[in-house]
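Can you keep this structure in mind? I'll have questions shortly.
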Amino acid sequence: MEELINREHKSMTVKILITGGTFDKEYDELNGKLFFKDTHLPEILKLGRCNLNVSIRTLMMIDSLEMNEADRELITTTCLKSEEDKIVITHGTDTMEVTARVLGEANMDKTIVLTGAMIPYKFGSSDGLFNLGNALAFVQALPKGVYVAMNGKYFKWDNVRKNKSSGTFEEIKEA
Amino acid sequence: MEELINREHKSMTVKILITGGTFDKEYDELNGKLFFKDTHLPEILKLGRCNLNVSIRTLMMIDSLEMNEADRELITTTCLKSEEDKIVITHGTDTMEVTARVLGEANMDKTIVLTGAMIPYKFGSSDGLFNLGNALAFVQALPKGVYVAMNGKYFKWDNVRKNKSSGTFEEIKEA
Amino acid sequence: MEELINREHKSMTVKILITGGTFDKEYDELNGKLFFKDTHLPEILKLGRCNLNVSIRTLMMIDSLEMNEADRELITTTCLKSEEDKIVITHGTDTMEVTARVLGEANMDKTIVLTGAMIPYKFGSSDGLFNLGNALAFVQALPKGVYVAMNGKYFKWDNVRKNKSSGTFEEIKEA
Amino acid sequence: MEELINREHKSMTVKILITGGTFDKEYDELNGKLFFKDTHLPEILKLGRCNLNVSIRTLMMIDSLEMNEADRELITTTCLKSEEDKIVITHGTDTMEVTARVLGEANMDKTIVLTGAMIPYKFGSSDGLFNLGNALAFVQALPKGVYVAMNGKYFKWDNVRKNKSSGTFEEIKEA
């Protein structure tokens, strides 16, 4: 098994799909509102001195509260058609569990990890850099399946929810 | 296997051993030199909104170029005696591969991940937050063994070296 | 004249009045909105290693678009009654010129400098630290009068406006 | 007098002379040492949204403990020959008072303000942005003379010293 892991390691490329979310929000200094411009993923990977082979694609740049069925279908289809079998998706935290469920039920032979941030990356004290570090490691090391990586942990797609009052992710059922 | 992973997940505590390294260096504004004071690990975990159960212990606060055989014996003994079988070690990058080898040859039934930083955490543009995110995820998801987590990748203890001219980690032998 | 400056220097206290504005906005991670909590002035002064005697008072914590006549009357009265004759006011940029005019027309025998920020201090790339540095220096060195300090310059209260399209301050009349 | 100030304001250019110091130190991630590369002044002025006309010239990039008589002569000559009569000099804090004295004794008909930082600008928690804000305001508003701007205050060249134990600047003689 370790050989297998090592062999995969050499040639591996991780697909990163961008969908927006707090992760990529910026502050518009002319109107004082938050908005989306470009993804900060390449900048974050550079900051982290990440040498992993990654292939980044921006699917949408939206707040996950505005994500609809068609958006989730696009995400699912993109995962299905992806050459890479290791996929990280950056996503707003509010409906991350919904997209995880859609992907989980599609039952793909891939490792898919959704992650996000509670504070925009551009606002200095962001958890985004840490979470992306988590997600990129989990996607390399976890067995096939769909997971959410938040708060230093990973959760299976059918056993995760965001606790709206604490802003952290937790399992639905106790062990 | 997935059940096993989930069961471990519930009750798991990750041990974090601090040994110093660039990660924790600070700037002394009175003499303009770099020095060690306290570890920034708790601050970093808070910034990352990490909810993982962790048990942090500072073994030493030194530059890894100054780490000697006795220091590495202390690290090894601490790992051996640790109740937790998932251990992350923060370490200077210059001799990380040496300590990894010592730990690897001790052949423990634990998952041990060494990580560090090229830029001190306090200097703003640090890779430490990303690397710690990597290490804490790899330690949860990789099979038993000793690894180095740097540059978004993991390396087995007997197949890793720091490239001194690029400052990045690489495998010794090609696949 | 230099003696006078030196004498004032020794015993001088600068009053800082907080009114809110972009300067002090924070990001609420639970609802993804910007809001006001506490002022960051003490933290900023500490960061700047400022040893000046200052007396800080929070008058209100509002967006300057919501500032009404009663609010401006409170600011004016507070300046009039202030023991200190050097006063810095942090203020939202959108109506800074309006408050400057009200204060200018009150014709006080004090040096009053309004300043603010285009990016919240907590968002890392803030101009607030620089602007506050400007304002605290101008208030010590300019003759009695009411000024706006933005973009590295000072403007007299009756000759300043915010250019809404560029987000910078400029003089109304050419020289 | 106010007219004079306004008239100067319109056409004014501030000369900024770079000499190095903590302000511009960077961290070399390959050898873990601090070093000088380029000045960060343009970046800092952009961050501060500074619209002042400035003319930046790098005279040297050295630790001020290594500054010798010839270096100080170069600084003095450059000030003397400068078209601008408002000059800011970034300088290491350790011998800032020495250079200030040399410039003060040259008795020029210009306003010259020396400033620096206790923490490198690149290390995130720098006082450099605040100090530069101070210096650029003082140089516009103070009468002709040579000053040090540190810790939110200005000091005359013949009445300033760095307190080595606290790391802050103070007057030599009490009022």
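Each chain carries a letter (A, B, C and D) given by its place in the written order, and its residues are counted from 1.
As a convention for this text, a residue touches a chain if its C-beta (ideal position, glycine included) is under 8 Å from a C-beta of that chain, and two chains touch if they have at least 3 such contacts.
Quick caveat: nothing in here was measured; it's all calculated off a predicted structure.
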{"item": "Other chains in touch with both subunit A and subunit B", "value": "none"}
{"item": "Lowest number of touching-chain links that must be crossed from subunit B to subunit C", "value": "2"}
{"item": "Taking each chain's C-alpha mean as its centre, the one farthest from subunit B", "value": "C"}
{"item": "Chain centre separation in whole Å, for subunit C relative to subunit A (CA means)", "value": "41"}
{"item": "Between subunit A and subunit D, centroid-to-centroid distance (C-alpha), Å", "value": "46"}
{"item": "Centroid distance [mean C-alpha coordinates] between subunit D and subunit C, Å", "value": "24"}
{"item": "Set of subunit B residues in contact with two or more other chains", "value": "118, 125, 167"}
{"item": "Of all residues in subunit C, those that touch subunit D in their complex", "value": "1-2, 5-7, 9-11, 44-45, 47-52, 118, 125, 127, 129-138, 140-143, 145, 149-154, 156, 159, 167-169, 171, 175"}
{"item": "Contacting residues of subunit D [partner subunit B, same complex]", "value": "22, 25, 27, 29-30, 32, 34, 63, 118-120, 122-125, 164-165, 167"}
